[in-house]
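Two complexes are shown next, each including chain A; its partner changes from chain B in the first to chain C in the second.
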Partner chain A sequence: MKSKRFEALDARPVNKDGFVTEWPEVGLIAMNGPNDPQPSIRIQNGKVVELDGKSRDEFDMIDTFIADYGIKLDNAEAVNAMDSLELARKLVDINVPRAEVVKLTTAMTPAKICEVIGKMTVLEMMMSVTKMRARKSPANQAHVTNLKDNPVQIAADAAEASLRGFAELETTVGIARYAPFNAIALMVGAQVGRPGILTQCAVEEATELNLGMRGFTAYAETVSVYGTEPVFMDGDDTPWSKAFLASCYASRGLKMRFTSGTGSEVQMGYAEGKSMLYLEARCLYITKAAGSQGIQNGSVSCVGVPAAVPGGIRAILAENLIATALDLECASSNDQTFTHSDLRRVARSLMQFVPGTDFICSGYSATPNYDNMFAGSNWDADDYDDWIIIQRDLKVDGGLVPVLEEDVTRVRNKAAKVIQAVFRELGLTEISDEEVEAATYARGSQDMPNRNVVEDIKAAEDLLKRGLTGVDIVKALAKSGFEDVATSVYGMLRQRVAGDYLHTSAILTDKFEVISAVNQPNDYNGPQTGYQISDEKWEQLKTIRQAISPENV
Partner chain B sequence: MESEELIRQIMDEVMKNLAKDQVSFAKKPAGANGSAGSVSAANYPLGEKMPEKIKSATGKVLSDFSVDKVISGQLTAEDFRIAPETLELQAQVAESVGRDTLARNMRRAAELIKVPDDELLQVYNSLRPYRSTKAELYGIADGLESKYGCTVNAAFIREAADVYEKRGRLKAD
Partner chain C sequence: MDEKTLRNIIEEVMKEFGAGSGGGTATAVMTAPSVSSASGTLKISEAAPAERGTNPREVVIALAPGFGGRMTSTITGVDHGEVLREVCAGIEEQGLTYRFIRVFRTADVGFIAHEAAKLSGSGIGIGIQSRGTTVIHQKDLPPLSNLELFSQAPLIDLETFRAIGENAAKYAKSESPSPVPVRNDQMARPRYQAIAALWHIKETQLCDPNKKTATLRVEYR
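Right, the complex of A and B next:
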């Protein structure tokens, strides 16, 4: 006879998820793997001759890159000889300032930092992330995509996402040749919602750089690195090529961060028997070594892998913590969906939501899930009120603010009209009034009329051939009477001349002031320090449209 | 895959056109921003605190920038490119807060400002695994050094070539 209790349990969403037992030989182990190397470092004449149990003649490409660029050597032998438990305690201790911890962590080897973090509970890691996050204030990032690559919807969704508080917006494409349209619609729409929003278009490396050079995007993020050499080769790059690419972006005044995450190596079949966290630590040292200001990590699109093994969600928090401890900007994933269970998806996100990271989600889907072209999101537009109410419940600033329907429809309508005007002025395809109206009230692409894809793609290619740039967009906006948006797009272009937003954890205010780990470093050292929600902000966070007040009873 | 190939081709074409329109990078005298001296985190953000000392790659002063000048055509896309001197200042800011590797990246980047877009992407592609022989990579390094004075990047590329050779990641001759 079948237990009715188990019958009910088997039917629960969580039991549609995939789980596996640990299998260290192929890398199916979250952290503290039995085959992870013992930490070690030996330095001779200023050169690392031994790293984590390997002598220099045994180094692979990644070992060499980390040894030569990724570790602060002055103090490395002494720090690596310190007791890992003592170091773990310093990471948590509110009396040890962030700056002091960074001196220690940046002198550790990848194996050493894993050993240190491996001594911590998730609660201790969260405490540590609160302290180690580079920028004082947390923020959030959204994904703005749709199934049809509809530029009018992208502009409207971008405007809404900006109004809702996201500091960065990222798009990608269904059809690669739509990229210029998506990038332009995202940038223009974002500036309508709130001036100073940074935008990116995640496409193939060379295209992404080209869009940035033209001034259609402000930053890039999909610069992936991997923890084993064979997987790096499969990714068609090396640490040197990626470091060079990082410099290419900076040379054009564009912000850039790398991307990595636990599970990618085992998913691609070359984990070399090491734990996911150890391999991710190598990615983070490569990132540091290449001189990237930051990283998007937290398993990202491989989240199903660590989520299937014991302690996997802990390992994801651990990798975010290592990123912050290496003094890198951390866009902490919480993006791709990994579970059928609403309970699990919230529990996973609390690890970053409560301590706060530079970008808690990277990103949060600003559309319903069916429109998310990054393969589905842990959080989407249908969850906006849940996120806002969890912020209100816990008095946590998760980067979003409550908004009113009339304000959302107003900015969506304006963004749609603005992109309509830009397309007209630039001689691109027509955007009809019907589409503007649909985008104003749409939930997703199912509510949008179809466009002529062939014509759109032709126009998108043509705009590249004509050499259009952000300057042409500023002119088009001004000519069509949207001087305010023209000024904002100009404000974004101006940033690339000064390069202030190339620094760690940089975002912009609505007045185009740069906030980064340079001028707003995290100074948390216990209760009532570091980032505090101001009275004004709390007023904003607690004022939700659903709340009944004595006045309206 | 096919559409990716196509877009790459299209990009190549476009970049060639871009490069043709490029203004000369030779115009800015050495140390155009020299008067800014050395800076630290105290001067940051440079664009807000000292815009009169920040110049674009075309030599225009940031404090003279305005949206009206974009609309009237006095400022063009080329004027929105960062100058090597500015990246050097940002590298100093990064160093002043202990971010040495970020500073090193900014200095590599400062050298690359002079390299045209299409050439830059070619170098990047050549650095990918199995794309180049050792001699080809050394040749690229020599070219960057002699044409644009990219000494740091040249050394970096030669080093990559040596590592690729050791690890068997070069193109077979």
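Right, the complex of A and C next:
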């Protein structure tokens, strides 16, 4: 006979998730794998001759890249000889300042930092993230995409997301050739919602760079690095080619960060029997070595893999912590769906939500998940009120603010009208008044009329051929009477000439002032230090439309 | 009569029916027997190293190392023989021909599809992984770009595979078809990603970086 209790348990959402047992021989293990190397480093004449149990003649290209550029060698032998438990305690201890910890962590080898972090509980790791995050104030990032690649909806959703408090917005495409439309609609819509929002369009690397150089995006994020040689080679890449790409962005004054995450190597079938966290640590040292200011990590699109093995969610927090400890900007994932269980998805996010990271989600879906073209986010537009109320419950600034319906419909309507005008001025496809109306009130693309996809794609390809740039968009905005939006888009273009936002963890205020780890470094050293929610901010966070006040009774 | 016997009889009848009608219509466009109307179990064998085609009316279909060999169905259990039947039927409907190759050096579907496109007389190729992930590619695009990408293997049903064949053929004819509607299920990852990883580990274990792409003979017996 079947137990009724087990029948009920089997029907719970969590039991729709996929779980697998560990298989360390192929790398299906979260951290502290039995085949992970023992930490070691030997330096002769200023050159690393042994790294994590391998002598230089046994190095693969990743070892070479990390040994030559990724580790601060002055103190490396001494730091790596220190007791890992003592180092773990320093990472947590509020009396050891961040700057002192960074001197230690940047001198460690990948295997050493894994051994150190492996000594910590998730609570200790969270304490450490609070201290080690590069920028003092936390922030958040949103995904703005839809199933139909509808540019009017992208503009409206971008405006709403900006109004709701996201500092960065990311789009991608269902159909690759839509990329220029998505990038332009996102940038213009974001500036309607709040001046100074950074936007990106995640597509194939050459296209992404092209869009950035034209001024259709303000930063790039999807420059992926991997922890084993064959996975790099599967993408026709090396650490050097990624470093070259990073410098391409820098040369044009564009912010960029790398992307990596636990589980990617095992997912691609080339983990070489190493644990997911050890391979991710190698990615983070590659990132540091290539001179990237930051990383998006936390398993990201591979989250289903670590989440399926024991300790996987702990490993994800551990990789975020390593990123912050290496003094990198950390956009800490919490993006892609990994579970059917609402309980599991909140528990996973608290690991970054409570300590705060540079971008807690990277990103939070600004549409319902059916429109999320990153295959769904852990948080979506239907969860906005839950997020805001959890902020209020815990007095945590998770990067969002409560908003009113009339303000949302106002900015959505304006963004839709603005993109309509830009398309008209640039001679792209027509955006009808009916579409503007639909985008104003839409929940998602199911509420949007269909567009002529073939005509859109032709116009998108044509605008690239015509050589249009961000300046043409500024002109189109000014010509159609949207002076304020023209000024904002122009303000974004000016950033890449000044270059201040290339500093670690940079975001912009609505006055285009840069907030980064340079002018606002994290100085947490215990209670009442570091980022504190101001009275004004708390007033804003606690004022939710649902609360009934005594005067109303 | 039990179910199995009944099934055998139906299959026999279908086989005769399929062979009769398929042979008649397919020979008009192709010399090889038509995959779309063939019946029986998929049987793939390697022939000569693959060469660049000259026929502007062909679409090249590239299979990942395990497809239809060590692996026989997609991640949701769709038979690989059925998959190829539908893709080919889609191409035939547009009056074009197809050719099969297998890529050994990688299990990355972007590169597999790009290899197909580079060897295709029309410059259009399709790449299919064992788990079902599929890309339509064009030879002059960067390898990691594509014309159409179907990244969520569990969501690709036979109808979609047929539409993929049709669209690839339309691109080959220099038309601009409406892309096959992209399906999205945010719960595919929670359910399938770790299993998909196991799948892909097995497929990459079948890769041989030194082995040249081969022409394939695709038969149903």
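One rule holds for everything that comes next: the second predicted complex is superposed on the first by the 553 of 553 C-alpha atoms of A that agree within 3 Å, B and C clash if a C-alpha of one lies under 4 Å from a C-alpha of the other, contacts with A are read in each partner's own complex, and residues count from 1 in each chain.
Keep in mind that, in the parts below, a contact is a pair of C-beta atoms (placed from the backbone, for glycine too) under 8 Å apart; a residue touches a chain by one contact, two chains touch by 3 or more.
Every value quoted in this text rests on a predicted model; they were computed, and no experiment measured them.
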Scan A:Asp327 for contacts with chain B and chain C and give back first, second, both or neither. first
Between chain B (first) and chain C (second), which, if any, makes contact with A:Gly376: first, second, both or neither? second
Which partner, once the models are overlaid, touches more of chain A's residues, chain C or chain B? B
Would you sort A:Gln267 into first (chain B), second (chain C), both or neither based on which partner it touches? second
Considering only the touch criterion stated at the top, classify A:Ser251 as touching first (chain B), second (chain C), both, or neither. first
So in the superposed three-chain picture, is A:Asp236 touching just chain B, just chain C, both, or none of them (first/second/both/neither)? both
Does the superposition put A:Asp462 against chain B (first), chain C (second), both, or neither? neither
With the two structures laid over each other on chain A, which partner does A:Val305 touch: chain B (first), chain C (second), both, or neither? second
Give one of first, second, both or neither to describe whether A:Ala206 is in contact with chain B, with chain C, with both, or with none. both
Between chain B (first) and chain C (second), which does A:Phe338 come into contact with in this model arrangement: first, second, both, or neither? second
Common interface residues of chain A with chain B and chain C? 175-176, 204-207, 236
Parts of chain B lying in touch with chain A, wherever the complex brings them together: 3-4, 6-8, 10-11, 13-15, 17-18, 21, 41, 44-48, 51, 54, 56, 62, 65, 67, 70-71, 75-77, 79-83, 86-87, 90, 93-94, 97-106, 108-113, 115, 117, 120-121, 123-125, 127-130, 153, 156-157, 159-160, 163-164, 167, 169
Footprint of chain A on chain C - complex, ascending: 106-108, 111, 142-149, 151-152, 176-179, 182, 184-198, 200-205
List the residues on chain A that touch chain B in their complex, please. 60-61, 64-65, 69-70, 72, 99, 102-103, 175-177, 179, 204-207, 209-210, 213-215, 229, 232-233, 236-238, 240-241, 243-253, 288-293, 327, 461, 464-465, 467, 469-472, 474-475, 478, 483, 486-487, 490, 493-500, 502-504, 513-514, 516-519, 521
Across the complex, what residues on chain A touch chain C? 16-20, 26, 28, 147, 174-176, 203-207, 234-236, 263, 266-270, 302-305, 307-309, 336-340, 369-373, 375-377, 453-454, 457-458
